[in-house]
Structures are given as C-alpha cells and as structure tokens.
Amino acid sequence: MDYIAQGFGEAIRLLAGFDSEVYRIIALSLLVSTSATVVASLIFVPLGVYLGIKPFRGKRIFSRTVYTFMSIPSVIVGLVVALLLARRGPFGYLRLLYTPAAMIIAQTILVIPLILGLTYNLSKNRGTPLEKVSRTLGGNRLDSVILIIRELKIDILVNVATAFSRAISEVGAVMIVGGNIKGQTRVMTTAISMMNSMGDYPMAIALGIILLVVSFGIHSLIYSYSQEEE
Amino acid sequence: MEIRLIGTRKKYRNTMVLDIDELTVPGGMITGVTGSNGAGKTTLLHIIAGLDDSFEGEVTYDGLPISNHIRESMTLVFQKPYLFRRTVYDNIAYPLQIRNKSKEKIGKEVLWAAESLGIEDLLKKKGHQLSGGEAQKVAMARALSIRPSLLLLDEPTSNLDPDSTLRMEGAIRRYNHETGATIVIITHNMEQAERLCHNQIKLELGRMI
Amino acid sequence: MKKTLTYVLLLLLVLGTVSGCAPKTEAPAEAPANDPAEEPAAESEPVVEESIILATTTSTQDSGLLDFLLPIFTEETGIEVKTIAVGTGNALQMGRDGEADVLLVHAKADELKLVEEGHGTVRNDVMYNDFVLVGPADGEIIYGNDIGAALAAINEKGLQFVSRGDDSGTHKKELGLWKALSIEPAGEWYIEAGAGMGDVLKIADERQGYTLTDRATYLALKDTLQLEVVVEGDEGLFNQYGIIPVNPNKGDMINEAGALKFMDWLISEEGQELISQFGVEEYGEPLFIPNYGK
C-alpha cells in the first residue's frame, strides 16, 4: 500500500520541480489535443450551424450517420490513419507516421463527428428560431450562421470542450499513429499506460493528476465563462 | 408597396390551411388581419414575409415576385420577441449592421427607432434581462430601424398593458404616416383593428370572409 | 474566487509548457561522464534531419536500456531514433513490410530466417540476457537451476502459470521449453495474457503464479512485485539479442545509412561498453551482457 503513497509523494515532487520530461509530455498532450480540437472546430462549427438551419434532403440519414461516428472507437481511427500513413500506404511518402502531426490528424478525425453532430443538433433545435428572425430582418444565410454562433456561443463552447476532453483522454489513436516515442510522441495517456506497465508509478500518478486537472480545468473554465455571461 | 396574392393555397398534412383566390394589400396603408385561432393568419403573414415557400399560387410586391431587394425592405415582428443576448442598442442595430451601414448612421437610426417606441432609457440593458412588454417594444424598434417599406406584425401588443398598447399603436400610426410604409398587422383585438387599421382582412379556416 | 483559480491554473500550465519545451538532452542517470558540459539548448545540436525507425520488443523497451543508450547515439551522430516497441512477431513483420529501418529483437532462429529470405541485410549478435522463472517465494517450486524439471512440476501440479501469449521472443522461448518436454500446456492453470512483459509480471504477481521473464524486466519491476527468481542459470534460458538492418530494396524510404550507423555503433567498443554498464548502479549487476563477436 505504501508504494501508492510513495508514488504520490514522488509525483508531487516531479510536478513541483517542473521535471522536464513530465512537462514535455504534458505540453505535447495539450498541443496535440488542442490543435485537433481547434482545427475541427474552425471548420465544422460553422458547417454544423449551417447544416442545422438549411433544409436538405436526407437530414435524417445525415443525423444518424454523424451520431454513429461520434462514438467511433479511437483505436479504429488510429488504425485507419496508420494504414494510410504507413510507408506502404498511399500517404507514406509524407513520412508522417510516428510524428505529432500524425497524432493531430488522427485526433482531428476523431473529434470531427462529435463537433459536427453536437453543433448540428444545437443549431437545428435552437438555431432555427434565430435564423427566422435574422431572415425577417433581412439577413442571408451567412448572417444567420454568424448570429447563431454568437448567440449560442456558450453551448458551442461546451461542445468544443467535450470534444477536447475526448481527444485528450484517448489513448488508442495516439498510441498507434504516434508510437509513444520518448521525447517525441509520448503524451499523457500513452505514458501512463506504459509507466503502469513498467511499474513506474510516480510518473504515472503525476501525469494522471495533471490529466484530471486539465479535464476538470477546461470545463471549470467554460462554466465560469458562462456564468459571467449571464 | 402593394401586395397581391393570386390563387394562393397551402396544405398542411391534408388540411387546407390557406385558400385564397385573390387578395390585395393596398400600399401605404395599415391593414389588419383578423380571425379566430387556426384561421391561417400567421400562415398568410409568413408567406408574405417570404419565410414559407411551399405553397401554390403567386405573390407579388408592386407587381414583382420576391427578390433579395424586396426582402431587404421588409421586416417581420414575431409574436415572441426573440431578442438577442446583447444590449438593446445592439439588438436594434442588428438589421443595420448586416446591411453594413456606417457607425454614425447606425447610431442615428437606433436612436430614432428607440425614441419612436419610448425606450431610450433601455438602450444599455441586455436583451435577456427585459420584461415581456419591454422586449416587445425592443423587437418593434429593431424591425423599424431600417425603415422598411413593408412592416409585418404578428400580434405586437398582446403582451402589453393598455397604456403601452396605445403607445405602440401610436408608434405604428406615426411610422405609417411619416414613411408611407405598408403595414400588415395580425390582431385578436377587434377594437384595436377598428382603431388602428385602414382596412381589414378577415380569415376563417383559411378563407377570406 | 473562481476567476483567480482559473488564472492560476492557466499560469501553471503555461509555466509547465515552457519548461516542457526545455532541452531534449538530459544527463542519463548511469552514463559515464564522457561529455563535459551539456549544451544548454537542443537547438545548438545538429538539426536532426536524419531519423531511423527502430522496431524492437516491449521487454527491451521496458528494461530502460534504450532510454539510456539512444540519447548518447543521437548526440554523437545526429540521428534520431524512433523506437517502436511491439511484440517480436510484429517487429519482424515490420521488417518484412519495410515499415522500420532496423530491428532489435531476441528470436535468433526467426532473425536468421528473415535475413535468409532477403528481408534483412545482415544479422549480428549484440548482447544477451537470460530468462528466469519467477514465482512465489513460498511456492511449491523450490529454487534451482533446472528449468525442465520446474516446468514439468508446474504442469503436473497444475500451478498457475502466466504466458506472454503474444508471439514475442519471450513467448517463443517459453513455447520452445514446453516443446522440449513434449508438454502442451493447457488447462485453467495456464493463462495466455497477450500482453507485454511488465503486464504479465503483474498478472503473475496478482495470482502469485509463475512466469518466464527476461531478467532485465524482472529486475526493473522487482520492487513492485512479490515474486522471486525460482529457476535461473539453465543453459536453455539464454536470451540472445540480434540486430538486423532492413533490406533497402523495399523502398526508397528505408534509411539504410542510418540503420547501418546504428548497428555499427551498437557493436562498437563504445556501444558494447555502454551496454555492460547499464543497470550496474541501480541493480548491482548489468542487465545485459554484450557479446558481439564472441
């Protein structure tokens, strides 16, 4: 039992002393997941809003497809991306496998359905009345999309935070396309998994603490922001 | 702006909700639309507003079919105000902002619209912090700020106390008088219709009576 | 209050990120002091354009040997080594597919076959370590040097045994040992984990059962386990590591030059010397015995 307590003690020491390896791992996790979330959001939030208010055929099939992909297992995304980026694969010449870029690509693909689906849903339910008002005041579709994004920005942010959580907590995709290479593609989740396997509990616990802090922290930030807006 | 509807019919799940052979809304006047619930008043208004395009028949505006230009010179105020989560000023300014008007012009027009409705003191308040009556006035001001030549109103005074109701009617009358805009107003209140409107369209079960 | 907390959080993360982007080179704990002062910034090193993908086994990585050796190699040659740790079977397949530049595994028979089939340029001995049978200190198998006898006893008495079950070098070694006894292990007592050595040791620990492990991984995890070495020193437990540069005819993405440099470094006097030093300080004995050319 005291190896747990000892682990905790070491963990605090690693964090407080700004151990460079631990922080490198943390920084990479944040970089990869934030980039993926930002890229996915910049494109698919406006798209999701637009599709939510635009009438088109096959809306139901669209919803169903997107919702299905929302819960796609991360290992599958990792596998598909790895197959595409492998040396023998169609994009092997880009030499992206086992790099942070590949990890960002995989996580972006992972969160796109989530962002698109959640935003589409939000727009369909709460954006439609806004779209009507905008139209009756002379706005075109672009005006409506901008209006909806501004009016529902808290809800959109919550969705984005959800997507970020999914990204930063997943281990399957980044493990397969990144390879958990020390100093290069090792992120919190892959490191925790490996360190547990190696019995290096202090590091695993240290990273686990940070992972929790980040997860809770992001949502807490959004919550404060939403309270301010009231 | 004169509006004409010819052979306008709309079905909703096997029920004919609107069935009009010929209807003219005279330009420059305040026209009331009355009738019991489900008579088709809102449907008619939405069709005129260009919100609904699944109907049979023809709608013309001074003889022309609907276009972006025409859309930009008409506004509609819904029964529920649907104000934006920003200041009253920004709410009223919205139609001007999306038409890329200059900052000075926006300032002038917003003030004018606010004064018409007597809500200058509310300009700094946030849209979601107003009472029902205040919100309705802001919604009206928002619809007026670009000085539309066609103003469509869906029961604009239903949430107002008698005093505010008369003020709103006054604002509507003044606007019509000052700009010669065509105004179509749905109302449940027969006395209001008598007071305010130059003429009335009475609907029952989708048809004119 | 919430606002302050938020800003403090952000500040910490920023500070952490900044320090995380600090120099890549850290003084390896057991390295001989051969470079005077370390360059304070990794940026002043040769820009690492060259990189090789090294496919190796999980047990090799878990031992920590590579974490110790590779930074030294990179500093001296400017070649970045991307270590992908998978099961032996997988590593060999990566060699066949040309997805790696060099392989470091411990399955000599399969390695030679790989070179024979033309997938690898050459194969060289690098080092060896040994396997040991570990199990509960107060268990039914008493300490000794006869692995055959121990395994036969385990089979007969149906004692808990955890197998790697993942086609790894360790797994192949284990299967070879059973085969030599003409035993086909089966039954509730025989667990096939399909996991890396570290995890398998933990499972064995959990169930206070037996497992075959390489000494290095066991030593690395010893403090966290309640398992002891029960059989060691048997000739059949010898574990030879080999290095194979992948045949460049597989495609122009194979970094043959880099792979050869790595191999040459590992089998050089310096490389071999470093290998023999690894683990001495921490465990009192080297985890691997270099044996190129012996």
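For reference, chains read A, B and C in written order, and residue numbers begin at 1 within each chain.
Here, a contact is a pair of C-beta atoms (placed from the backbone, for glycine too) under 8 Å apart; a residue touches a chain by one contact, two chains touch by 3 or more.
What you are looking at is a predicted structure, and each value in this text was computed from that prediction instead of being measured.
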* What's the chain with its C-alpha centre farthest out from chain A? -> B
* To do: When you average C-alpha coordinates per chain, which one falls nearest the overall C-alpha average? Tell me, please.
  => A
* Asked: Highest contact-pair count belongs to which two chains?
  -> A-C
* To do: Compute the distance, rounded to whole Å, between the mean C-alpha positions of chain A and chain B.
  => 44
* Centre-to-centre distance between chain C and chain B (centres being mean Cα positions), rounded to whole Å -> 76
* Asked: Using the average of all C-alpha atoms in each chain as its centre, how far is it in Å between chain A and chain C?
  -> 32
* If you look at chain C, which of its residues touch at least two other chains? -> none
* **Contact footprint of chain A on chain B as seen in their complex** => 49-51, 68, 71-72, 74-78, 82, 84-86, 94-95, 98-99, 142-143, 146, 152
* Going by the contact rule at the top, pick out the chain C residues touching chain A in the complex. => 2-3, 5-6, 9, 13, 15-17, 19-24, 26, 53, 58, 62, 64, 67, 80, 82-85, 97-99, 196, 198-199, 202, 220-221, 223-225, 251, 253
* Of chain A, residues touching chain C in the complex -> 3, 18, 20-28, 30, 86-88, 92-93, 95, 98, 179-184, 197-199, 201, 213-214, 217, 220-221, 224, 227
* **Footprint of chain B on chain A - complex, ascending** => 129-130, 132-140, 143, 147, 150-151, 229
